[in-house]
Amino acid sequence: MTANGEPALSIQGLYKLFADDGSGLQMALEGLSKDVIQERTGAVVGLRDVNIEIVRGELFVVMGLSGCGKSTLVRCINRLIEPSVGQVWLNGREITAMREDELREARRNDLAMVFQHFGLMPHRNVLDNVALPLEVAGITKPARRERAATALELVGLGEWGGSMPNQLSGGMKQRVGLARGLAMETPVLLMDEPFSALDPVIRRDLQDELLALQEAVQKTIVFITHDLNEAVRVGDRIAIMRDGEIVQVGAPNDVVLNPADSFVREFTQDVRLHGMVTAASIMDSSEEALAGQTDDRYVVLEDAVLDELVPAGLSATQPLQVVNRAGALVGVIPLERLARAMVSDEAAVAATAEGEPAA
Amino acid sequence: MTANGEPALSIQGLYKLFADDGSGLQMALEGLSKDVIQERTGAVVGLRDVNIEIVRGELFVVMGLSGCGKSTLVRCINRLIEPSVGQVWLNGREITAMREDELREARRNDLAMVFQHFGLMPHRNVLDNVALPLEVAGITKPARRERAATALELVGLGEWGGSMPNQLSGGMKQRVGLARGLAMETPVLLMDEPFSALDPVIRRDLQDELLALQEAVQKTIVFITHDLNEAVRVGDRIAIMRDGEIVQVGAPNDVVLNPADSFVREFTQDVRLHGMVTAASIMDSSEEALAGQTDDRYVVLEDAVLDELVPAGLSATQPLQVVNRAGALVGVIPLERLARAMVSDEAAVAATAEGEPAA
Amino acid sequence: MPPAATRQLLTQLLTGRLPTGAGRWWSAPLAILLVGVLFVIAYFAIADEFPFDVGRDVGHRIDVWLDWLEDNLSPLFQAIKDVIVWFLISLEDMMLWLTWPAMIGAIALTSWLLVSFRMALFSASSLLLLATFGLWESTVETLALIIVTVTLSIMIAVPMGVWASQSDRLDAILRPILDGMQTMPSFVYLVPAIAFFSLGNTPAVLATLIYAVPPAVRLTNLGIRQLPAETLEAAESFGMTRNQMLLKVKIPLAIPTIMAGVNQTTLMALSMVVIASLVGAGGLGLDVNRALGRIEPGNGFLAGLGIVFVAIIIDRVTQALTRRQQAALGSD
Amino acid sequence: MPPAATRQLLTQLLTGRLPTGAGRWWSAPLAILLVGVLFVIAYFAIADEFPFDVGRDVGHRIDVWLDWLEDNLSPLFQAIKDVIVWFLISLEDMMLWLTWPAMIGAIALTSWLLVSFRMALFSASSLLLLATFGLWESTVETLALIIVTVTLSIMIAVPMGVWASQSDRLDAILRPILDGMQTMPSFVYLVPAIAFFSLGNTPAVLATLIYAVPPAVRLTNLGIRQLPAETLEAAESFGMTRNQMLLKVKIPLAIPTIMAGVNQTTLMALSMVVIASLVGAGGLGLDVNRALGRIEPGNGFLAGLGIVFVAIIIDRVTQALTRRQQAALGSD
Amino acid sequence: GGEEEKTTVVFSDLNWTSSEIQVRAAAYIVEHGLGYPTELVAGDTVSLFQGLINGDTQVTMEIWPAQQPWIDELEDPDTIALLGDSLDENWEGWVIPQYVKDANPGLVSVSDLPEYMDLFVTADSRGKARFIDCVPGWACEQVNGNKVVAYGLEDVLELVKPGSGAALFEDLESTYARGEAWLGYMWGPTKPTATLDLYRLEEPEWSEDCWNGDQGCAYPTSEVRIAVFHTLLEDAPDVVEFLRAWDFSADVQVQSEIWMSDNNASPDEAAIWYLKTYPDTWSAFVSSDVAEAVLEALAEES
């Protein structure tokens, strides 16, 4: 866990079954597999025994294969879908036990959501779409219009307030949905693939905006994405889901460098590791290796990343020496090991996972 | 151009204006900017003077900012939107001049499209959705069901044929749309962000499938994506659009390494270059540099990529020597130059663009 | 009996399906029992004549009950009557206070402001035409009657449709009632209505309401029910109350279908004016009735044309108002 | 005149808008001209009575024209009559050949197969109830009449609605015609219809058709027009012909709205049975008519209840058939 | 003659009680006495008149004076033949309940109406006396209109038009039951006039001149007649003969209607009751052997 504080959002033993009747739930609780349940009862397992604690100010990323239950998870948090079993707590209040009016209040003031399908109102223009939740929350007209305009500005659609949704491109619609979620200024923000339809430039801008916002107001964000680079970039922690279950939760490099199983490894294979592989993670810290080192020309810090190590390595003729902040030697990186880490992220990962030098 | 052959799809001087009346078109033809036209007449410039030739078997990628006109472009190709001005030719026949019945035939047999918004029929189950265009094309029932099932298998939804679209997750819907486009087996395939809602694992699988398919049947594909890595991975050529215009067309490394302007450079900034920067693109081929080289221990081929150069560089103590396939020395790469290329893709790109070593 | 068995086979062949209710365990035996009882009854009775007839007794008992109602609820009926009469009289007086040129001008102007210039031309020329046919006064009377009934109908029907869309239970209860309202011949309740409200406009307005309200209820209900789940889901996530959801999202989105309902209500109200004239309402319906009493289909047709013109004018204006309402609800 | 000016001001205040037609340069002067002409006429005429009345002349000319039609087109009318009578007679004969227990059984079975077991119970018990009221024969007659008219109505209305949805022009032309069909009082054309088709079921069926067809046309049209553009775009990209588009995409997607139209058509057809009885059609409508002639609202109510029951049965079965049709169109 | 050759006699089954009873009674005699198959076709006045002149029906038992204009307008007056009277002693006039008369002894004739008009004012009568007019389209509507002018009552009476005879009866009966004031047009003999105690306002005596002038005088006694389609004259002369003789007297008519109402009976039952109760009356319209045959058939009716 990278962020500190008591849990803002806590999910306990959450199950969701899509079924016409109650069939299959018992099977799910007993732990039968999704396929078996679907075959026997026709019920689809959406979520199975999900337990998450998210602290205030944390940006929590959820990843997983298409259809693994990510959207179902965030929908269960604000109860757009009623969970079959389990509890969701928000700042010490149990959402799953709220009465209708309490839930409404919570949705207005605490929980904003950005939808994968955008969910724009076709009968309202862009500005009115963004202002709608503010209207619902009872913000005065001038105030909400200003906030909506600001949010549109933020997503680069300041000029489009007067257009109707059907006049926008896919990515523009997505940004309107995003602006709407941001304009609500709730402490918790649920974002279901908010950037999926965006080009890299706008996407990077918006990631930066999000991080800046996060820096400033410390929201609690549940962020669904398919892009591991994005996840690593913005996330404080990443959860990987499969078939409705959470298979691993951890800090980005944890997940990437220490995948819990082959599924997570495959999943994280494509990430651009160079910014994440540190000297510490590939160094040889065995006694023998440390023993032979005297030449201190090629010293690197233990948290230097691959992109910093390589230039050093290129100009070196002998293994790099890794020191901690106190200046003590903690390991060495033979150049051929560095070269291997370069060409094969996977090898590096494997090496680290196995705790010994790559062959 | 990386693929050979006569153009299968040719777009000439295509303009599209979204306006209630004809206003603004003249302005667009005269070259006034999108913003100005929108401000003065309310008309939105969708496309402006687009000219493209795509050869048979080519996978042509279109990229650009959200709202720049990519979807409009592919819709104009199969005339879901009537272009305002300009022509589209398919295998020597002018689509823009076709009668309605000819156009229908062309859509059935020559032009399949995968939609950004999926475009599934909510009243048909998944299998029937995929089989629908085949039904329209007059394929017999057993044949089309088999083809549809095969296509679903291909996108990993073999089990879901009987489900209704509203029971699927966003990514699953997208894959159904994709399967439908593939099942049509047309020579030309228009794909509007076909993988945007997919997770990296499935996405990689499907990219592989697409490339394999392409290898086997040599379709002509127009492929819209926001993911430059994807573009570089699958594309034979890449076109970059801005405000309805094409600002650059070229082979992937062309576009990445020789961006036509700062816009393209910013756009391509995030791509993972290591697989694309070749020895030839960063070597110093000046007379002086070549002159001093005698030591032939550190020889690399001119088309070796960065990921191959770095290990060589790490074990070298002097500049790498670059030779062509014939074995002749064509340039050298000083190690510090290699290091620079490593740490800063952008610097490398800039260097190449300026045709001289990075400082 | 062979025919019935054949029929079952036929139906199954035709539909290619097993009974849909077959899932419940008790349905098959109960059905066999049911059919069995029918055939036993058939056996004992003469096969082609039903064994007994209690119709006239029951009918008579209803008559008695109606008399009782009349005796005991007359203050209520009087109150209803007073309200409706007050509305109608005020409206008619206002229209009569205006002379015909002012009326036509005003209607044309309203059409222009709310609908279009073409509509204004149509209103003016059709009303002038009616005036040249000597139907001006009848037209005004019908106009007043219809404005009151359509306004009341929409005020009742749209909220009711909205309400029905919120509850499957209510919908299920309401459906046969609406079917009944639309198909129970108005003649049936017109005569008791005379007993309660006397001859005149009041029973006419009430009968028209009963007949005209259902389509708008149904279509409002349908329009709201078939909205895309995704849009509603998003609205729900803002923490909208039921009312906000309806006013800001559901109703504006359902407007095209609601408008179709309002259109049907208007037309059905107008299709009742002849029947209204049977219980004493005046206007174009009375002209039709009279023309037909004299076997003058030509004159009946002219008065009928008047009804059609009034229908078109009122419909277009109502539609424009509804659209405007949508625009108002759609904007912040 | 002050009132009109006030009105204009009022309307503008109420609507907060300038005239929508104001864009066209000629509309303002033309409107002024129009209002001007009206006021000049008003000046010369006595203000509250329209200056001339040609109604009776025109009406008479229509009568003469109707006579001419009757004299010259009778073979056509005869042919229409023959077809409708053939249908009705065959159906009634078939129903009469079946005895009442078999009929009730068959209807209950159909309800079961097509709708639900509950519906079968409702059909059986409501028909039995009608039989105990002595209305069995009337019910059969009405059933036959309605099955024929509803079938014909739907066969006419749905294609017409589909057609209207394909062309804005046609839609614009059709709309006032449909308004007219729904509001022109049926009495007006019933009497000439007797001249053309004789007393009996034929004029009744035709009048019912005229009245019952419009709602299904409108709602089919609306249902198809409000489909989401994205789905249609995808279908278009497959190179569908117009017909394929309609059959495979538009109609199945529009089914909920079309069903609402079919429901309205069914109910309106049934609301016409009393009027049908005025021109010689038998059945429950006649029973209602008789009861009211005798001022026996109770009996009228019972027969009316019969109409309501028939309406509900036919409606539910039609709806189930439509849904089935949708399922069939939806699956490959 | 051979039974098979006899044509079916189609009766217009008008939808009010007197007609329903006498149509059934006459049809019973035609069928069981004269041996013609019979059929009844139901409808309203206008449709059935149209049907009669088309030949869709052949016998209409009640042609009211109100329908005289229709007959006058026929292109070929021989299309139908008017036979004898069917109902006799018909009167038309303006009536008030007797209890109103008793409470206001001064209200005797139409000329007293201005003085007593406040009795009949209602919420929707615009301050005038509510006068229930005759059914629109009937000749009496026109006549009443003329009388109002002739009596100078334009500012006294607000004419309310009932759409049908049934509506008129219902308004009268329910108002009477409540004991409120009622003023309007009525005719007799009918069940309401037979069962309710009504007072007929006095009017100037009927005269030819007045009737052809402003009609400011009482209605004449009217005749209700039987009409047949012209082919029947040749096809069934014995039926025509029988109908010429037919007479459904006021007393019999009212008694039948009251019996039917009191016994909650159908018109078929009422017709049989009439035939059984008044054999002497109807036997006079037919030959004795025909009467015999009818009585035989009646004996089998339960």
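Per-chain residue numbering starts at 1, and chain names A, B, C, D and E are given in the order in which the chains are listed.
By definition in this document, contacts are C-beta pairs under 8 Å (C-beta built on N, C-alpha and C of every residue); 3 or more make two chains touch, one makes a residue touch a chain.
Everything numeric in this text was worked out from a predicted model, so none of it was measured.
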Worksheet item: If you take the chains that touch chain B and keep only those that also touch chain E, what is left?
Response: D
Fill in: Steps needed, at fewest, to go from chain C to chain E via touching chains
1
Practice prompt. Sort the chain pairs by how many C-beta pairs are in contact and tell me the top one.
Written response: C-D
Worksheet item: How many angstrom lie between the CA centroids of chain C and chain D, rounded to a whole number?
Response: 13
Item to complete: List the centre-to-centre spacing of chain A and chain C in whole Å, with centres computed as mean CA coordinates.
Response: 56
Worksheet item: So how far apart, in whole Å, are chain A and chain D when each is placed at the average of its C-alpha atoms?
Response: 58
Worksheet, complete the sentence: chain D residues touching 2+ other chains are 191, 289, 292, 295
Discussion item. Among all residues of chain A, which ones touch two or more of the remaining chains?
Written reply: 117
Discussion item. Could you pull out the residues of chain E that touch at least 2 other chains?
Written reply: 46, 50, 166, 170, 173
Practice prompt. Please give all chain pairs that are in touch with each other.
Written response: A-B, A-C, B-D, C-D, C-E, D-E
Item to complete: In the complex, go through chain B and note every residue touching chain D.
Response: 75, 78, 80, 103-109, 111-113, 115, 117-125, 127-128, 131-133, 135-137, 141, 144-145, 184
Fill in: Contact footprint of chain C on chain D as seen in their complex
1, 3-4, 7-8, 11-12, 15, 17, 19-21, 24, 27, 30-31, 34-35, 38-39, 41-42, 47-50, 52-56, 58-63, 66, 96, 98-102, 104-106, 108-110, 112-118, 120-121, 124, 131-136, 176, 179-180, 182-185, 187-189, 191-192, 211, 214-215, 218-219, 222, 225-226, 228, 256-257, 260, 263-264, 267-268, 270-271, 273-274, 285, 288-289, 291-292, 295-305, 307-308, 311-312, 315, 324
Worksheet, complete the sentence: Interface with chain E, chain C side, in the complex: residues 56-57, 60, 67, 70-71, 74, 81-82, 85-86, 88-89, 190-191, 194-196, 198-202, 275, 277-280, 282, 286, 289-295
Discussion item. Under the stated contact criterion, what part of chain A meets chain B in this complex?
Written reply: 18, 35, 44, 63-67, 70-72, 116-117, 159, 167-172, 174-175, 193, 196-204, 226-229, 266-267, 269-270, 272, 307-308, 310-311, 313-315, 317, 335-336, 338-340, 342-343
Discussion item. Applying the document's contact rule, which stretches of chain E touch chain D when the two form their complex?
Written reply: 15-17, 20, 41-44, 46-48, 50-51, 54, 56-57, 165-166, 169-170, 173, 267
